[in-house]
Amino acid sequence: MIIYTVGRILQTLLVLLVISFIAFLLVATLGDPLGILLPPEASLAERQELILRLGLDQPMLGRFLHFLWGMLHGDFGLSYRTQQGVGAMIAARLPATIELAFVSLLVTLFVGVPLGIVCGVKPNSVVSRGVMLVSIAGITLPNFVVGVLLIAIFSVQLGWFPSFGRGHTVDLGGWTTGLLTVSGWQAIILPAITLAAFQVTFVIRMLRTQLLEVGQSEHIRFARARGLSERTVWFSYAMRNALLPTITMLALQLGNVIAFSVVTEGVFAWPGLGSLFLQSVQSADIPVIAIYLIFVGAVFMIINLFVELSYPLLDPRLRKGRA
Amino acid sequence: MTAPLLEVRDLSVVLSRTERDLPVLDKVSFDIAPGEVLGIVGESGAGKSMTGVAIVDLLVPPLRRSGGTITLAGDRLDRLTPRQMRRVRGKRVGFIFQDPMTSLNPVLTIGRQLTDTMRRHLPVSRSEARERAISWLTRTGLPNPARVFAAAPHELSGGQRQRVVIALALCAEPDLVIADEPTTALDVSVQAHMLQLLRDLHEETGTAMMLITHDLGVIAKMADRVAVLYAGRLIETAKTQALVTEPLHPYTAGLMQATPAPDETGVMRVRAIPGSMPGIGAAPSGCAFHPRCGRAQDICRQTPPPLADAGGRAAACYFPLHREAQP
Amino acid sequence: MRSLIEALRGRPGPICAAVLILLFIAYAFVVPLFSADPFSMAGMSILDAFSPPVWMDGGTAAMPLGADDQGRNLLTAMAYGLRTSIMVGGISVVIGLVLGGALGLLSGFVGGRIDAAIMRLADVQLAYPALLLAMVIDGIATAALGRGRSNEMSIAIVTVSIGIAFWVQYARTIRSSVMIEREQEYVAAARVTGRTNTAILIRHILPNVMAPVLVIATINLGIAIITEATLSFLGIGIPATYPSLGSLIRNGNAFLQSGEWWISVWPCLLLVVLVIAVNVLGDHLRDHFNPKIRGRS
């Protein structure tokens, strides 16, 4: 088990290294640091000096190692657009995105899971049929259309929620949070629903399929034959079996969720990482794009690794013999 | 004879379809006395398993019970609400499933599955349930019961899992155990041990047993009485000894000559008798066995023979092999 | 083509979808033949700006769905937008197919290190969703080609970006088909009789991979159209001065607040119906050509 874990961690680090190298190549070949750092009237000597100082005369491999070394020490380069450190820009945007992801996860858990259970336990009920019908919309509607429709209904027609921004935020020592003010909660609801629309649909459909399958299994029949209550049968016995594939599939969808967070932030002008990425793409701000790529890749792979390594907690079949 | 523990009268099960219901079990009646072992025999598709499943009301749609009464120690099981029925299952009627590889929940420990079942039916604390669970694992002959208690099903062999399944069926001390082909899915080498275990536990606990099997060898070793099913109908019941030595129904006699063996599709069939048992909804008029029967007359083709009682045994045949049982 | 018609026989849902798609294509390519480009000076009439749909107060029969902020007839503007969206979607699918097909063939035929390299690249790419990747490629292209880009160039960039983002699936499918087929006896026989690799490819392998590739392409067409619309909506695809479904919605979105809902809602609706039709057709084709999963929901 330990060998396996270490192996998976090394594998993840290797892929991250490859991604970092691709990102580095982007910055190295498409960037023009001299044009940014020097005034146009700079002399040749000044240029030469800066090239030496930045190590631009070094071979590619050396420059890559330098790039990695910098990242490990919190130096993520400078944005072409704002001339600020990319690390600081990302740090400033991170709380907004994490809060959005967190609230949309809450929506997924408190809406998707119960509805998925209803659809799996009572597949022929009116509620289930209605939910399945609506869930088709969640799958086929493009993410930004969901956002536009929500704005049209809930902010323009009904005026319940704002259509952009985070509302009032409170600064908690470097972490700006919108979750402590009323206007912050009002502002986060529509974006969170937009971002959750896909996950909710996905969880409902996965749980339904899994529960329907598990519900017909022999061990569930045996649990019933032992007189266990329906509550125990579904919630302790069937759910345990249905949860693992659902979590696995959801973790595999994490990339899509990250992409949708960019779209959602764009639609609602949510001042998070996604908006930063969009602005950077619009202005071809390669250093920010590159670091964002590494960041997203790292988050994606670390969460996947985490999910995979936590399987044994959910399924005893995986507890032994993996080394 | 003491009052029966289980009385099944005219139990019928149908396969519901939109056009018309197809009969699966047709008015099956039998009794089981307290502490008795009743063997139910028949080929695949004769309705043996359906009988067991119908008693505890676990038929899966489109199968459903369409008539008859089931009385357990004076209580009408067929009239219970689903909630009341869940109190009967496990507590008063234990059920042993056929395939130990699929009967246990793969993601829960053996101990959890045992203690959940006991705590549902018996007034025991968590620690008492644990003690009892380990004692049951010991009684079913599992080595190192404390380790098995904490183990997940995949860590055990097929035979060990079947011992766990038996412990699960018996742990709430039911009066009746329905064992559906308890040895079929096991290796031949393990089958004898499992039968011995069932025998021992039966004698220890005094529980009655309904043993569903296609294997007459198992019946001969275990059962006090036997009921033979053919195409959803009960065609003969008798004490095991009498049935084995003097079968009345020609089909039973055919069964004796050749223990059913799996055909190329894995379905158990009696090869000594020409032809095969009709499938669901395909039974001929009259006696369902007449197309395969050498003794069949016109009456066999027209009216199904009643199950005629004759001195503690009965057979549904107009022309039984032994004269004295003729209706 | 015959098998395509065969696949639709007796299936009302997919037939409706196919007919809808044909109608949309006709709308997108016929209307522009008879009307002035609403994105040129001739197509705009500022006097009609914000004219509502015909059934509302102030609507005119000449503009049954209303007009946008520049007085463009939405019925015509949407045809132009749909034309762009269908073309971008279609061409990007072809680019993904050609790129993925070539890499998949190379991978399957040559094997060894080249195969390993291509497949690892595919693995790394799969860590990123296609939508995000298309955005990144778009950003890189902008950086490489300079910022002041023309409409035509931005359309080309978007199309290529989406195409590149989708090559992996084709490559994997074709690679596995090639690997299975090249072990078959008839391929060995063809090789013995002196056929070249190219001949074997065209005669034997191509027909076998057509069905799965066609299915993936249909499904990807829907995703590509959404991707284009999303990019354009977010302002990193086709600029608002040129019509596509995404840029029309983006343009109309600015007026959603002030009550002129029709400018964004019509193209939204058109996009959704188009994508649903393509998906229904794609799902049906997938089930039809893959008997193993036929009948499942």
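To keep things simple, chains are lettered A, B and C as they appear, and every chain counts its residues starting from 1.
Everything that follows uses one rule, which is that contacts are C-beta pairs under 8 Å (C-beta built on N, C-alpha and C of every residue); 3 or more make two chains touch, one makes a residue touch a chain.
Which protein is which chain? UniProt says A, C = ABC transporter permease.
Worth saying up front: this structure is predicted, and the values here are computed from it rather than measured.
Colleague: By mean C-alpha coordinates, which chain is most distant from chain B?
Modeller: Between chain B and every other chain, the largest centroid distance is to C.
Colleague: When the contacting C-beta pairs are counted for A-C and for A-B, which pair yields the higher total?
Modeller: Looking at contacts between chains, A-C has the larger number.
Colleague: Compute the distance, rounded to whole Å, between the mean C-alpha positions of chain B and chain C (ABC transporter permease).
Modeller: About 60 Å, centre to centre.
Colleague: Could you grab the centroid distance between chain A (ABC transporter permease) and chain C (ABC transporter permease)? Build each centroid from C-alpha atoms only and quote it in angstrom.
Modeller: Using C-alpha averages as centres, the distance is 25 Å.
Colleague: Between chain A (ABC transporter permease) and chain B, what is the gap in Å from one C-alpha centre to the other?
Modeller: The mean C-alpha positions of chain A (ABC transporter permease) and chain B differ by 54 Å.
Colleague: If I count partner chains per residue in chain C (ABC transporter permease), which residues reach a count of at least 2?
Modeller: Where chain C (ABC transporter permease) is concerned, no single residue meets two or more other chains.
Colleague: If I count partner chains per residue in chain A (ABC transporter permease), which residues reach a count of at least 2?
Modeller: Answer for chain A (ABC transporter permease), listing residues that touch two or more other chains: there are none.
Colleague: Which of the residues in chain C (ABC transporter permease) come into contact with chain A (ABC transporter permease) in the complex?
Modeller: The touching residues are 120, 123-124, 127-129, 131-132, 135-136, 138-140, 142-144, 147, 226, 229-230, 233-236, 249, 253, 256-257, 259, 261, 264-265, 268, 271-272, 275-276, 279.
Colleague: Which residues of chain A (ABC transporter permease) touch chain C (ABC transporter permease) in the complex?
Modeller: Residue positions touching the partner: 15, 18-19, 22, 26, 30, 140-145, 148-149, 151-152, 155-156, 163, 255-256, 258-260, 262-263, 266-267, 277-278, 280-286, 289, 293, 296-297, 300-301.
Colleague: Taking the complex as given, what residues does chain B use to touch chain A (ABC transporter permease)?
Modeller: 56, 58, 60, 86-91, 94-95, 97, 99, 102-109, 113, 116-117, 120-121, 152, 154-155, 165, 168-169, 172
Colleague: Write out the stretch or stretches of chain A (ABC transporter permease) touching chain B in their complex.
Modeller: Touch list, chain A (ABC transporter permease) to chain B: 216-230, 232, 236-237, 240-241, 244, 314-317, 319-320.
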